[in-house]
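Both complexes below contain chain A, partnered by chain B and then by chain C.
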Partner chain A sequence: MNVIKRASSGTMESSDVYVEIEPAQSGLEILLESVVKKQFGEEIERTVREVLSEEGVESASVRVVDRGALECVIRARVETAVRRGRGEA
Partner chain B sequence: MRRSMLFLPGNNPNMLINAAVLGADAVIFDLEDAVSPAEKDAARILVRNTMRYMDLSGCERIVRINSVDTAFWQKDLLAILPEKPDLILLPKTGSAEDVLLAERFMDEAEESLGLEKGAVGLMPLIETALGVENAFAIASATPRVKALFLGAEDLTADLQCKRTKESREIEYARTRLVVAARAAGVDVYDTPFTDVNDDEGIELDALTAKGLGFTGKASISPRHVEVINRVFTPTLEEIDYAYEVMDAIEEAKRQGKGAIALYGKMIDAPIVARAERTIAMAKALGLERRA
Partner chain C sequence: MTKLVKSIREVIELCGLKDGMTVSFHHHLRNGDHVLNLVMAEIAELGLKDIFVNASSLFDVHTPLGEHIKNHVVTGIGADYISAGLGRAISRGIMEKPVEFRTHGGRPADMARGSSPVDVAFVAAPTADPMGNCTGKIGKSACGSLGYAFADAMYAKKVVVITDNLVPYPLEGFSISEDFVDYVVQVDAIGDPKGIVSGTTRITRDPVGLVMAETAARVIDASGLLTDGFSFQTGAGGATLAAAKFLKEIMLKKGVKGSFGLGGITAYLVDMLRAGCFERLLDVQCFDLDAVESLRTDPRHQEISAMHYASPVAKSAAVNSLDVVLLGATEIDCDFNVNVHTDSQGSIMGGSGGHSDTAAGAKLSMIIAPMFRARLPIITDRVTCISTPGKDVDVLVTQGGIAVNPRRADLRDRLLDAGLNVVDIRELKEKTERITGTPRALPRGDRVVAKVISRDGDVLDEIYSIPEMK
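Here is the complex of A and B:
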C-alpha cells in the first residue's frame, strides 16, 4: 500500500539514517545522501527498495540521508517512515 | 546468569548496535522512559530489527515495554515476542493483576503468532509503593515471573522522598523485594546507580546490593558494567571454599558421619546450598578452582 502523506523517521545522528517519504505519481524515486555513498550507495539503495517492496509501496519519493547506519537500522527507519506515511503510527 | 543488566535507549542506533560489546550479561532494550511518545513506533521497529538481525553473542536480551496503563504495551509485545526475548521487563507493576493482564495478552499473542506458549518470561519492575507492598503476590502470580526488579527513581518519587546516594530511603524496599523474590523462588535485581562518574559510589552500591541478597544489578551506563560484574562474581577464595565444602561433605559421607566441620565451623545444609550456587556460577563463568 502506498503512502498517503509526507512522513519522516530517524535522525541525523551517527549510526542512524534520516528517511523522508512522500506520495508520488508513479514509480519510486530514491534520493540518497551518504558519507559512504561511493562504497555502499548501491547496497543502501537496494535495502531501501527491498523494504518498500515488502511494504507494497509502488510509488513514492524517498529521500535518505545516511549517517553510517547498519542495514537493520536502515530497514527500521524506512519501515517506520512508510507506516507513518500511511497514517498507521 | 545475569550479574549486570545494561539499559539501552530503544531509539538510539548508536547504542543499540554496540549491545554485544559493552560487557553486560544482559541488555535491556528500553521502549519506555528512554523513548518519547512520538517515537514509540520507531523504537519498537528499531529494537525488533536489532534483535532480529544482530548477534549479541551470548548476551541476554530483555525488553522494557511500556506499562499496562498506556496505549503502547500491547503493540510492543506484538512486535517483540516473535524475536524471542529472554525476558520482558514490565514497568510500574503494582499488583498481581498487572502481571496477569500482561500474561493473558502474551498467551493470546503467542497463540495467534504461532509462538511457543509461555516461552518468554516476565520480570516485573517494582517502582511504586503499591508494588513494594504487593511484591510477593507479584513474584508468585504466575510461573512466567522469573525475577523482580527494583526501580528506585520512580519509587522514591512515589514515596515523596529524596533519592540519595546513601540509599537509606530504599532500604525497606530492597530488603522487602529480596525476601519476596526468594520466598517465591525467583531472582531479584537491584536498581541502577545513576551517577555515571562516581566509580567509588557504584562499587559501594553494588556491594550493598550483593550483601542484601540481590542476584545482580542494573546499570544505565556501560561504565558501570565492569564493576557490577566484578562485585557479583564469586572471588577465587569463595570458589576454593565452596569446593572445600563439597569435599568435606563427600568425606563425611565416606566416613559415615552425619556432620562435619571445616575450619572449625559446622557444615550444614545452607552452607552446602551456598557452595553449590557458588560452584554453579563459577562454572558458568569458566572460573576454576585453584590447585
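Here is the complex of A and C:
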C-alpha cells in the first residue's frame, strides 16, 4: 500500500539514518546521501528497495540521508516512515 | 646588548630569512595559536617564496596556510599531526611536494641528525624576559609545558621568542633558556586561551566506550605490569580517558603505587597523581587548564622536552621506561598495523603525534577502538596508511573481544587465565562484518600527498590524494 502523506523518521545523528517519504505519481524515486556511499551505497539502496517492496509501496519519492546506519537501523527507519506515511503510526 | 626587536617583520629580516628556507613552530597553543599565522602573514608580505614550514602540529586555526600554499609562499610542510580541515585540503592535492609526517620523537631526532634542518625557529612563549628565557607556565596565554619547542630552540640556526607577557630579567622558573635565543618580540596576543584547551575531551558516556574502557583496565590488571612502580600514558580520547578512570579505581583498591604518568597530560592524570597512583607526571604538553595549574604548582609534575619524551636518538627517552600506553586508531589491520593519519574516506585528519613512539617504547601498547564507527569496520585487510607498524602494537580492545598480537603469546595466556574474552583478530573482523556488511574498497587518487616518516627516519608509508566525489 502506498503512502498517502509526507512522513519522516530517524535523525541526522552519526550511525543513524533520516528517511523522508512522500506520495509520487508513478514508480519509486530514491535519493540517497550517505557518508559511506562509496563503501555501502549499493547495499543501502537495495535495503531501502527491499523494505518498500515488503511493505507493498509501489510509488513514492524517498529521500534517505544516511549517517552510517547499520542495515537493521535502515530497515526500521524506512518501515517507520512508510507506516507514518500511511497514517498508521 | 638587546635582543628585543620591535616587530615580527623586522625580526624576519634580521634573521636573514630567504627564499627556500625552513621555519619552525610548536603547537602548545593548539587551536588557539596566533603565532604561526602572524609570522607567515609577514613572510608573505615580504614577498618570500618556497618556504618550508616545520610545525610540531597544525590545527584548523592554521588554514590561512592554504593561501600561502596557493601563492607559493609555502611549498613544503612537515608536521607530526594535521587536523581535519587543513588535512582535507592537503588530501585534495593543494601541495605539489608531499607533506612530511614525523612523530613527536622523530621530529627532534631528525633535527639532531641534521636531516631536517631549521633556519629560523619561532617559539610562542606565554612569558619571556628580554634575553629570551621563557616559560609556558604563566601569563595570560599560559599553555603549560613547552616540550616540543626545546628541539627547535636547540637546533635552529636562529631562534626567535615571541611573547605577550614580557617580564624583567631574569625570569624565574624558565623552561627554554636565553643561551639558545637570538631575538625576542613582544606582541599583543600569542593566542586565544579558549582555543588553547579546545582539544580537551571528557570521559565518554557512550556505553560501548565504557565497556571498552573497563575491558582495557582489566587487560592492564591481568598483564602482570600493574605493580608498584607502574608507569602509564593515555591519549585524550573519550574511551582512553574512561579507561584511566577504571584503572585508577583498580590501583586504589589494590594499593598499587605507580611511578609516573607520561605524555600529553590531562586533568585525569593530574587526579591520579593527587590520589597517589603516581609519584610523578612527565609532561611534554598540557591538554587542559588543570594540567597547566598542576605543572605550575606541583613539583612532582615536571616538564620534559620532546627529546626526553620520545627521541630515538636521545641517550634515553621516557617512552622506553613506559609500561603501558593506551592509544586510539581509525583503522587497524590483521597484522596490527594502525592508521591514525587518515579518516574513513582516506582524507588526512591526524597524525602519529607520539603514537608510534610510545607504541615502540612501552612494554604493553594497547589500541582501544570500537568494532565499527558509522558502519565502517575498524579492522581492515590493510590499513589505508601505516602510522604505527604492527610489530609495535600488542593488543586491540573492542567491545566484541580482545585481539592479541601473535607475537605476544605470553600476554594472550595471561589474559585467558584472567578469563578475558580473547579472540583472533581475523575472527573479530569477520564478526564485525557480519554486523556491518563488507565495505567496498575506496578508490584512491593517483598522487602521493604525504609521506609518513618513521621515528627512525625511514619512509614508513605514503598517503595518496582523494579523488573528487562524484
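Keep in mind that, in the parts below, the second predicted complex is superposed on the first by the 89 of 89 C-alpha atoms of A that agree within 3 Å, B and C clash if a C-alpha of one lies under 4 Å from a C-alpha of the other, contacts with A are read in each partner's own complex, and residues count from 1 in each chain.
As a working rule, contacts are C-beta pairs under 8 Å (C-beta built on N, C-alpha and C of every residue); 3 or more make two chains touch, one makes a residue touch a chain.
Computed from a predicted structure; not experimentally measured.
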So which one touches more of the residues on chain A, chain B or chain C? B
Scan A:75 for contacts with chain B and chain C and give back first, second, both or neither. first
Just checking: does A:84 make contact with chain B only, chain C only, both, or neither of them? Give me first, second, both or neither. first
Per the contact definition in the header, classify A:15: touching chain B only (first), chain C only (second), both, or neither. both
In the overlaid three-chain picture, which partner chain does A:45 touch, first (chain B) or second (chain C), both, or neither? neither
Could you look at A:36 and tell me whether it touches chain B, chain C, both or neither (first, second, both, neither)? second
Hey, what residues of chain A end up touching chain B and chain C alike? 14-15, 69-71
Once bound in the complex, which stretches of chain C touch chain A? 344-345, 373-376, 435-437, 439-440, 442-443
Inside the complex, what are the residues of chain B that reach chain A? 12-14, 17, 41-42, 45-46, 48-50, 52-54
Per the contact definition, I'd like the list of chain A residues that touch chain B in the complex. 9-10, 13-16, 69-73, 75-77, 79-80, 83-84, 88-89
Quick one: in the complex, what on chain A touches chain C? 14-15, 35-36, 38-40, 42-43, 67-71
